[in-house]
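After this come two complexes, each holding chain A, first together with chain B and then together with chain C.
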Partner chain A sequence: MLFFFVLPLLTTVVISFWRTESYTIIHDWNIDNYVVLLTKHTYLVFLGRSILMATAVTLISLIYSWPIAYFIAYAGGRYKLVLVLLTSAPFFTGIILRVTALQQIFGPIGIINTALINLGLKPINAFMYSNFASGMGLVYLWIPFMILAIYLSLLNFNFDLLEVAKVNGASPIKAFFEVTLPLNWIGTAVGIVLVFVPTLAASITPRFLGGVNGALFGNILAHQFGATGTWALGSAMGVVLFFVSIIAIFLVWKTVDLRRSGFTGGDI
Partner chain B sequence: MSSKKDQKDGGLQAVFTRRDFLKGTMTAAAAAVALSACGPFIKNQEKATLELRWLGWEHYNVKKIVDAFQEKYKVKVSSGFFDGNSEAYNKLKAGGTDDFDLVMADGFWPRLYAKQGLVQPVDYSKISNMKYVFDDFKPPNYMLLKEEDGDRMIAAPNCWGGYGFTVNMDKVDEADAESISLLFNEKYKGHLSTSARFEENIALAGILVAYRMGTINAPRPDGKSFNPYVLTDEELEEAKKLLIKQKKLLLTRWNDEDTLERLLRSESVWASPEWSGIYRRIYFDKLDGKTDLNMRHVLKPKEGGLGWVDTWAITSGVKDSEKLELVHKWIDFRLDPDNMAIVATDVGWSPTVDVRDKVPQRFVDSLFLNNTSAIRGLYQFDAPSSPEKWERVWSEVEAS
Partner chain C sequence: MNAVNPGRKLALAGQALLLILLYLFLYFPIFYIMYLSFVENTVWPFPPEYTLEHYINLLTLDNFHQGLVNSLIIGIGTGLLSTLFATMAAIGLLKYQSRWRGLLMIFYLAPLFVAHILIGISSLIFNKAILGLPGNLLSAIIANATYATAFAFLVIVAQLARYDWRLDDVAMVFGATPAKTFREVTLPNIWPAIFGGFFVGFILAFNNLEISFYNLGAIPTLPTIAWGTLRHGIKPELYALASIVNAFIFLILIILYFLLKMGFLKLDIKDR
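Then we have the complex of A and B:
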């Protein structure tokens, strides 16, 4: 923990208070990088885009994952494990291959647009090189984590409670929001964090699918450590990203009410 | 009464005595001493196989050539790769001179390496194949192989090329095709593309801006001739505005050549800067009757264009004479016309060595081997004068 997490983080923090000049780090203590990040409109735009993208991707993943996880846990029978493993199929390949596959589907000459052209319709460029395409790619990338987190929570859920709710006059929707979701909120919250945080730092997917207006905070951060060689600014961006992630985790944690979540781990 | 297991254990204890233990320990110790005595011999045997380590662009890692070199000189060749000069520069600055014996660099970059003491002089007298290099890539025609304030050679040429545009002439008007303004032309909205390389995007816009402002041939603040990587603040500001306007015209900024090739072949993109490799492949397909696409590669737009000569430079980490000999042999071997012909046909880059009688005519034409003097009119790849300033400009373009 100390070697792989604390030490690199401390190094990043230290470098963020230095500066670079023509690909050279100058050990000159200052807070300029943070001033730039927090006052320049440019970097706030990237941060805003990333937070919006992460929120949208998390919400879509959440809405999409719940029925899948529910179905597997409730009706999966002895195939539960196989079905859950199948949801992680995208992870059988590398990220570049996954992004390339999405390009083949959504691209200007991808499957969808080729079909539209063959039907005599106009191709839809919004499918490709847009924030929509980027968002789709990120949902595809992180959704297995959300499904898994909710599924694991549902494994310990007593489905008989829904019958009780029904007997007491609750509609299926009311039963879901008043019984199922609260009692599985910890798993859901874990899923939210597992999707939100990596999406916040995403760079490869938006780089290949996002188009000219698709640069996110992660892209610009990666740029500082690559072509521009402005590591000090990049380190400050990393620190900012870390704190935004911590805030996001804190906010999600604040929504967890252990007394209403079926938590049986002892004193709270 | 003891169990069967106890009897077995007891039996073992009876056989293995203290004397046996001491005898075994002594034998083991003697064996260890004998092995350690062999140590230096084994180490020397390993050391006898020299290893040559180069850092460069991956496409130059041509197995045929590497294997032949290893076989001829009985050495081991290993390599590391990078995407851009700045990445390699950062690697060497971070202690990479001890990890690599040779580094590849193009444009002005070898001079930057030399200034920083990251590379050492190259002895051309040890590179007999330099005689096959076109004069266009040697001083006095091409001076970037020499240190800036001295006469020593700091790199040997390898391949060359431009960063021109590949244009679909069925879609783009003849009058628009030969100008950088093509990339900023509203007429072709949604069918233009550029690479994601921030340096070259700003540099190309900088050439157009300086051309329009009339500063391209005017005296420069640094007293040198115009260099699109050394723009004034005013030019940089104008370039930024141009790049922001350009965004709505672009279908995408490509990150890999495969993507651009697909977009050009499907006629989704009609014009984009590229290194001419895609143009060559489409051109060959046309010669073979596999496509009807009417593509042109504009090596040097009328305002001026970008170009590069990539080179081999010897890192300052090479200290002993044996290794120094070996790195010169490597450069010489790579410049052998037969090997350069392999680079031309298998890799697709244009050699600085004359291989016109060794490659088919289609390669001579598409690799501009009859037009090597074009390099003199191209602004060479360079490091931005202020990476920090250029980063801000690019971030503003990306955020707009």
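Then we have the complex of A and C:
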């Protein structure tokens, strides 16, 4: 694990300080790659767009996942396992096939727009290769993680605590924000990270669902290793991506208060 | 349990509705693709003209067979490798107390928090620039195993957490060697968990595009074929491919589900 996971990542960091010329890597220490990344307007725009997209996708997933995970954990009864597995099963069918399927529904000639045209109505522009479409695609791809993380947390949550809160005069909304959410915040935080990180690096979904302005950081990162062969710059972009992920994880982790989340230290 | 008041009933109904909407959102595209794979007029398939042509075209596609074989090799190789690592990690972590437990746990799960594309490019760089190896199936298997191990580890730990390690001690007291103890006591009890870990690793690697792609170069797998086809505009063969893979994976998941149930049952009986 150390060898095949940590070492490659370190190599990437090293190469990001070298440079590539006509498809070969030249061992020549410099920080040009980073200067380019941090001063050239386009890269910053792509990075900003990726961060914005990842934040939006994470928020939508979060808001949508909570009631669903809550419902399965609270009212699922003996069907809990089936219900939750049903939400995560599509995850296993692979990104590329799911994007293919999505294109047939929300794409420019997907079933929704074709139906509208056939009815003599105007097709919905938002489905024509837009950031909205790729955002929806990303929610589609990664929401299972969020649901699973919150659900697993809720499994260990004692719902009787809510009764206690109610007896003591808390409204349902107050009980949720003062009892349920804080006690399940670790699971929620894990869900947030598990959605945010892959979304930030997304390259396939925006490529097929996003439009001209839909390219994200992941796309141009992939481009450096494909068409242009500028591995050093690509590595630097990878490092930047990695650090943004780490910062995000750190920020989320800062919000976790172990004492308030009912963490006892022993279990697992 | 609780006195159900109208307000809560309404809230639960609302949540159930959201769940149904989510299922629709998740499954409609998948089943629609399956439907499309059987019809002639794919753009507006109403009324449908049924055909098996797309499946026949798919089977005659140049590199389809090779891609299928390669995907299976990557899937099985990654499954085995990651299950091996994950089982060792899980047993080591759960059986022996260590103050590094938390840290080790984070380390095993760390690949979950690194984007696939980064794992893909970093192992590409590592293999090519440092080790001087060309991309091949083995390097793809190893790269896939990094994050597949993390998933398999999660699955195995979740179930092994309920295993009573005193059983091993009992066997040892009665004179079994560690190897024999593992073979005759531990393994029969934990195999559903291991099996689950293997399948998760297999499925993830079988379908992986981003990691495999960067490690394989021109060697086709089913996801890279699908990607290539998608890039050149959607072809109906892709629907057929997607339907076959999806059906296959849902079948595995159903089997896995029953194995899980069996696994839980076994562990539960032992708990008593």
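As a convention for this text, the second predicted complex is superposed on the first by the 264 of 268 C-alpha atoms of A that agree within 3 Å, B and C clash if a C-alpha of one lies under 4 Å from a C-alpha of the other, contacts with A are read in each partner's own complex, and residues count from 1 in each chain.
Operating definition for what follows: a contact is a pair of C-beta atoms (placed from the backbone, for glycine too) under 8 Å apart; a residue touches a chain by one contact, two chains touch by 3 or more.
Just so you know, these numbers come straight off a predicted model, no measurement behind them.
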| item | value |
| --- | --- |
| Touching partner for A:P67 - first (chain B), second (chain C), both, neither | second |
| Chain B versus chain C as contact partner of A:S245, first or second or both or neither | second |
| Contacts of A:S50 with chain B and chain C, given as first, second, both or neither | neither |
| Touching partner for A:L102 - first (chain B), second (chain C), both, neither | second |
| Contacts of A:F208 with chain B and chain C, given as first, second, both or neither | both |
| First (chain B), second (chain C), both or neither touched by A:L233 | first |
| First (chain B), second (chain C), both or neither touched by A:V197 | second |
| Touching partner for A:H41 - first (chain B), second (chain C), both, neither | first |
| Which superposed partner A:T58 touches (first chain B, second chain C, both, neither) | neither |
| Most chain A residues touched (candidates chain B, chain C) | C |
| Intersection of chain A interface sets (partners chain B, chain C) | 103, 109, 208 |
| Contacting residues of chain A [partner chain C, same complex] | 1, 4-5, 7-9, 11-12, 15, 25, 64, 67-68, 70-72, 74-75, 81-83, 85-87, 89-90, 92-105, 109, 111, 114, 118, 140, 143-144, 163, 172, 193-194, 197-198, 200-201, 203-204, 208, 218, 221-222, 225, 231, 234-235, 238, 241-242, 245, 249, 268 |
| Residues of chain B that touch chain A when the two form their complex | 83-84, 86-87, 89-90, 93, 190, 196-199, 247, 250-253, 255, 259, 262-263, 266, 268, 383, 386-388, 390-392, 394-396, 398-399 |
| Residues of chain C touching chain A in the complex | 2, 7-8, 11-12, 14-16, 18-19, 22-23, 25-30, 32-33, 36, 43-44, 85, 105, 107-108, 110-119, 121-127, 129-130, 142-143, 145-146, 149, 157, 161, 203-204, 206-210, 214, 223, 226-227, 230, 234, 238-239, 241-242, 245-246, 249-250, 253, 257, 260-261 |
| Of chain A, residues touching chain B in the complex | 20-24, 41-43, 45-46, 103, 107-109, 125, 128-129, 207-208, 211-213, 215, 219-220, 223-224, 226-230, 233 |
